[in-house]
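Here is the structure we will look at, set down as structure tokens.
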């Protein structure tokens, strides 16, 4: 493992380390400025002299191009993504950015990098594929809601996308709980507005309001939890919190504080019972935005949970298993079951995907639970820390590939949405006849979500189950060789989470397949027999998702290794 | 190149079908109609290539492999390529005398199915899907890696799902989903069992082909090798309880696939709604995946658990046998009846396994093979019946012997083969199963009355088959009008490709009925190898020995 | 100087009032106010803790939190306005097109 | 487990061709079926090849010749077993019975030739050929069979293959295999007129009923295999092996043999599995003659006869007598019951069918008695006892032979009658629709006085009936007397046997009655209607076999003289080894008519009195009568007809009351057994299966569906908690906060 370079902000190496964020920042500025470029002049006060300052007025042809903001955003996010990818491929330079007073602010390592990849990748895909989803026409007297997006509002849309990415990357890098929280709020506020972006429609604003109000309450609770932790530890630095937790972690104040913080992140990952707003939000938001919520935003929440639970309230603090073990186990079980059951009867594909996203959150929580089940402190020899790495690998892998097939599914819906809504299952009717390849893509996303081989979703679920089972089985394999006798009950109870998880994936097949059946079996809805809306960008994005889903499913070894590396870098000890 | 499996048998059909499908889905309706014939020919040729390869393997033309005398846990054409190193996953293929007959059967049924359903609608997509189905099925049988096995195991669901959904009967929507979900549910439980098994390996002692991240391996030969190990306390491999629970979890997946009562209700629905080609492959090969899996994994890995569950398996098997047959009697739908008869025949396999006798196992293996030839013919007949008379109800068309002598003859033949007429393929397995069963029961001191139930099934089987023939082949003649579903069209006989398919199937039914040793010898050899190489050394003395 | 413990207690009370108000009141604006109450409870706690620990970071946290609260209000009000435009009410119970 | 060595192998020149006896017809099956399919309707095929009949004929001829060569070889003293496929054992498998290795087991195919084989081989191949000849005359002249005769001949030769295979097989397994093939052919041929619902249901009934027997046969075989580790005759009949089995599990062996006997009961149409045989008469007459009279129904007898070595084994002395009694008793019951039902049948073929049933029952009784004797007497050392056992066994086999010849002939003759009546009917009514009217060509109501019209047929029928009735000196007499005598001999030892003994004695009188009734109603008296008056003579294909068989039946006295009964039963005995022919005949005569034992002396004459005087006498009194004026018949039939007319004149009585009695009604309804069976099938089996099918969908699949619908409604509940009001969501956040805090705090 390479050495950690510690630098202060704006010193040597800072630009390299922060290059993705700087790219995003630049992109954001461009997004604000470029669409406003025009023949505007500035009249020097008191004179008739007008100096052209290129802002406002009649805009130039290129700056009034409705696709311009989307291109800028896509290129910005895409290059940020590529930048991270490049950095990643160059080996993991670990950089710790500290304040002048020595407080750790940001840590750049494999773990944060991979989350940045998830965030930027998801947002770049969403931005790129929204490009022709937002049809541009002049605002007439009678226009459909889709036609309302002139390029000025498009600029807003993409600015929010980029700020969202910025906020998320702050979350990824933060080494201070409060910094993390600020990043989280930045991203959250962006998503609130993005969800409510369809302000000309009832569902749009309603979903935005619900998402905003419930999200605010959750982050209010979380912030209060932070304040309690601060009151207890005197600092919100992870390193300090972890050290303090090891000493006096089991008192009431930190326990409740951690619980409150969990609420804040729980809302982001849409864990039960904080998930209620999520289906409404997904259903009301535009599909690409919903896709971002289900992937990047969820990854952000999960990242927060990981930081909180594994770094701060680390399992070795107590008798080997984490204090939050039961709590998280219950949460995982309830979340995955609830999500699947609710999705089972849902007729709205977007709600269905939302509930499925809740279920996937449950799977990830189960994985996280497994990490807490075993004392993975490096001091304990043997399989333990390797097991924890394995579970974390599974979690990261799941988050990464989720971008491909979850977002992909939403992108398919987005095409239908721009045609006139995708809020009923029957909207998908006859997709196989209308555009076979799109139906095949959707089919691949669905079976991947269900966890059917050979798709990426299967591999990710397999990894998660493997992680859980590995923790549950522990060292028994070796001990059996030495003469140990074990029964089912000797396995850690997280094994039952794995069982619940496989049963849940069996339930989930039911509703995923229903989508497939509708696409391949049912006739198109009336008035939707014709070809689907055109637009190559969204199709390219879907193709990218399909390829990722299939290729990772068939040959995911390198991604597993990348995730493993990232997982290893989560903790100095690992 | 000496890897005759990976690309030629598995990769080639899968890739070819994906290429064909991708090509077809980019074309319009009329183009697709024009493409149907060339694609049909292409898939036929492809599948014949597969058949030539496997037949060549049998005749030792390829690879010069003698299928008899492969010792336990050794495989021919064994090739391992690293696939997902971090998890200990390899692309690992190989065949032994257990899998080879199944592989041959698959490659044999594939062209026959294509021929039998020569005029299926939407041929441009139908035939490539059949080809994909074949590739996936072969993949299941040649996999020597748990992960790979599971991947192919599930992969078979997808083409079959589409076959039922796109070409099935009126209620295909329900049936295809039920089929998928039901078997998927069972196999995810199996997956959890596999993973738990995986982690019960000992990572401390160096394992072959272990994953870099996990320290364990998915390699079936390596894991099977462990089954022979005892720990220092003289305990069973993995210990009593763990073996039992893993055995049960794996068996659940296989029992549902087989299917055994009470996990069988997906089968009638799937069969009744599936198109002929789907039914043929489903009954011919897919059900056997269950039995194959049992032999390959739980039995080879957990002999002690098998001993523990012997009685349970026996009861499940007997119940399947009897229940399936009795339910058949109560059916009025031709295809449903045939579907339930499959349940009954799969009961034979289970009972054969439960006897824990080489003869019983050989009976089970031969039943897998024989039923794999007979049941496609049954379904081909059902399919032709439906195709020509637009009805599946027994009695919708009578006096077939006059109107459609070919179909009547095929039906008579298939029905007779299925009810276990001697010198047709099914008989040998049945009689061997009965001998092994009584051998076990007698050694355990059971009364002969326990034999009567399963044996009376033969009479019940005859009853429903004869009853259905009475109402289809016989009677009627001039007096009975053709079914109203024909709308006054003349009553047709089956078309030439169907005739050809029936002839091929009938021919091989006779061949393997008269000369069972062609396939049985290697199966026998496999049972002897596993008994002397695994069961007896591990179990020592167990129930059923005299 | 007031014992930070009292401030903490007050902040806890504020938090409970805020949280309780958030799910008992229908009017979105009032709920927003309750949320502000919760945030301010946290702010007070930060301030109190900063005093308790003698750590200035707490003050900084408070400042940031206030900024967050402010932007939250801005966003919230904007959304409520839009909601009112479409639904002609901002009663949380009545804005329930999306359900199940 | 016993050893699986093959004991003796004798190679002879003709043994190696023995498989051809089976294979030739089997190949002919495929050839005829294929050519028939291809050339159906072609004039050459129809006229010159008789739709396959002339392909079958040489094949059956070849089989007969090969059989005869084999038999002569055997008679020369080369007896033994040859495993033809020794090198490619049919089924190789293994069994584990303790220890660390498995034992290999194989089921091979081979040819086994002994006295019983040879006897039945001759019967089968001889009758197959004759009936083939008959078929050409019978089937190809009936327009209803046009263009489907190839099916008949194909199935016919397949049947022959099965029958010959069963006889020649060297193990019970292959016996069973060929047995089943015969069953299939029987099914196909009964259902030959597939368009008739009655034929379809008769075929089904035949297959199913025999299948029930077969199931038990199979269990028996499986048990037998378990005892001996093999099903080869050479192994299971080995004295040493039997000793080993007898030591430990004689009871199990009796069970095994008993279960196998159930198979025989089904195949030979004995009570209670007899119901299929009368219905089987739906098939074409040659089929009835061959399968349902002469050969296939003998398979059951053959199977029981094959069990003789067990009964005769010293080591099983006295262990199997219960089974012997059951065999005899079943025979006794069936003999009387079938004869009684035959009393009231009007259908010519049905009378013969019940007669077949009854006579087979005689043979079963005879076998049962012989088995009893073999099992209880110390016949291995006592030469008197040896003689008794051998003669008892031999008599049964001899009756099998006589009955097969006579009954084959009777059926062919009846077929000839039916054929001509049918033709006369059509000729008379000039109608082209062949199967659409009420006219029943098989009913004796439509016959009468045919002796003058069809003299050859009438003669054959007369001789055949006499043989069945056991008129002294003719055919069946020799064997029937033996059976009755042995039954009473056993009854002296074991009072249980009084029952079968009485049955066979009464049965003799009954046989006399119904056979005479049949002949008289058909051939004597005046034509019952116009059709009968116009019946003409039959064709050469039909006459030839009748002619031949008449002589065979008449010459059975020669066979008796040659010591058939000894030879057929005793491996040590060979033809004419002890006496010359004349001495032999005289010995048999003396034995029959002047028995030194007074009991048997009286018994013989009682039996003769009952069978040859009482039975026929009553029949003559009721149905006798002169031919129509101006009609005359062959000289040898004139006295019979005159006698019947005389008896009728003198002793005629009114039997209306009897005919209308409830017994007669019951008999006409076959004692309601079929009805009970049908009801049981309909109510119990069908009802049960419908219930099970219902349970399958309602309970098993219902559970699955309930899980599905249950999760759907659970889903509705879960989803309804997402009320749409943000307030509730916030409430849930608050509640969640509380729970999380409690859980974390609580656990910590």
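First chain written, first letter: the chains are A, B, C and D, and each begins at residue 1.
Here is the rule we go by: a residue touches a chain if its C-beta (ideal position, glycine included) is under 8 Å from a C-beta of that chain, and two chains touch if they have at least 3 such contacts.
Computed from a predicted structure; not experimentally measured.
Novice: Averaging the CA atoms per chain, pick out the one whose centre lands closest to the mean of every protein CA shown.
Specialist: Most central by this criterion: B.
Novice: Considering B-D alongside A-C, which chain pair is linked by more C-beta pairs in contact?
Specialist: Answer by contact count: B-D.
Novice: Centroid of subunit A to centroid of subunit C, CA atoms only: how many Å?
Specialist: Centres of subunit A and subunit C (C-alpha means) sit 25 Å apart.
Novice: Round to the nearest whole Å and give the separation of the Cα centres of subunit B and subunit C.
Specialist: Distance between chain centres, rounded to whole Å: 64 Å.
Novice: Using CA atom averages as chain centres, what separation in Å is found between subunit B and subunit D?
Specialist: That gives a centre separation of 39 Å.
Novice: CA centre of subunit C versus CA centre of subunit D: separation in Å?
Specialist: 98
Novice: Note the residues in subunit D that touch 2 or more other chains, in rising order.
Specialist: 719, 722, 724, 726, 728, 730, 733-734, 737
Novice: Considering subunit B alone, which of its residues make contact with at least two other chains?
Specialist: none
Novice: Pull out every residue in subunit A that's touching 2 or more other chains.
Specialist: Residue numbers touching two or more other chains: 209-210, 213, 217, 221, 279-280, 346, 510.
Novice: By the document's touch rule, what are all the touching chain pairs in this structure?
Specialist: A-B, A-C, A-D, B-D, C-D
Novice: Of all residues in subunit B, which touch subunit D in the complex?
Specialist: Counting only subunit B, the residues touching subunit D are 178, 182, 261-262, 264-266, 323, 326-331, 356-359, 362-363, 399, 401-402, 405, 412, 416, 421-423, 427-428, 431-432, 434-439, 442-443, 448, 451-452, 455-456, 458-460, 462-463, 466-467, 469-470, 473-479, 516-517, 520-521, 524, 527-528, 531-532, 536-537, 541, 544-546.
Novice: List the residues on subunit D that touch subunit C in their complex, please.
Specialist: Going through subunit D, the ones touching subunit C are 719-720, 722-728, 730-731, 733-734, 737.
Novice: Any idea which subunit C residues touch subunit A in the complex?
Specialist: Subunit C reaches subunit A through residues 8, 11, 15, 18-19, 22, 28, 31-32, 35, 38-39, 41-43, 45-46, 48-50, 52-53, 55, 57-58, 61, 64-65, 68, 71-72, 75-76, 78-80, 82-83, 85-87, 92, 95-100.
Novice: Once bound in the complex, which stretches of subunit B touch subunit A?
Specialist: By the definition above, subunit B touches subunit A via 25-26, 83-87, 89, 147, 150-151, 154-155, 157-158, 161-162, 165-166, 172-173, 176-177, 180-181, 184-185, 188-189, 191-192, 195-196, 198-205, 213-216, 231-233, 235, 238-242, 245.
Novice: Contact residues on subunit A for subunit B in the complex?
Specialist: Per the stated touch rule, the residues are 383, 386, 389-390, 393, 436-437, 440, 447, 450-454, 458, 462-463, 465-466, 469-470, 472-473, 476-478, 480-488, 491, 495, 498-499, 502-503, 505-506, 509-510, 513-514, 516-517, 520-521, 555-557, 560-561, 564.
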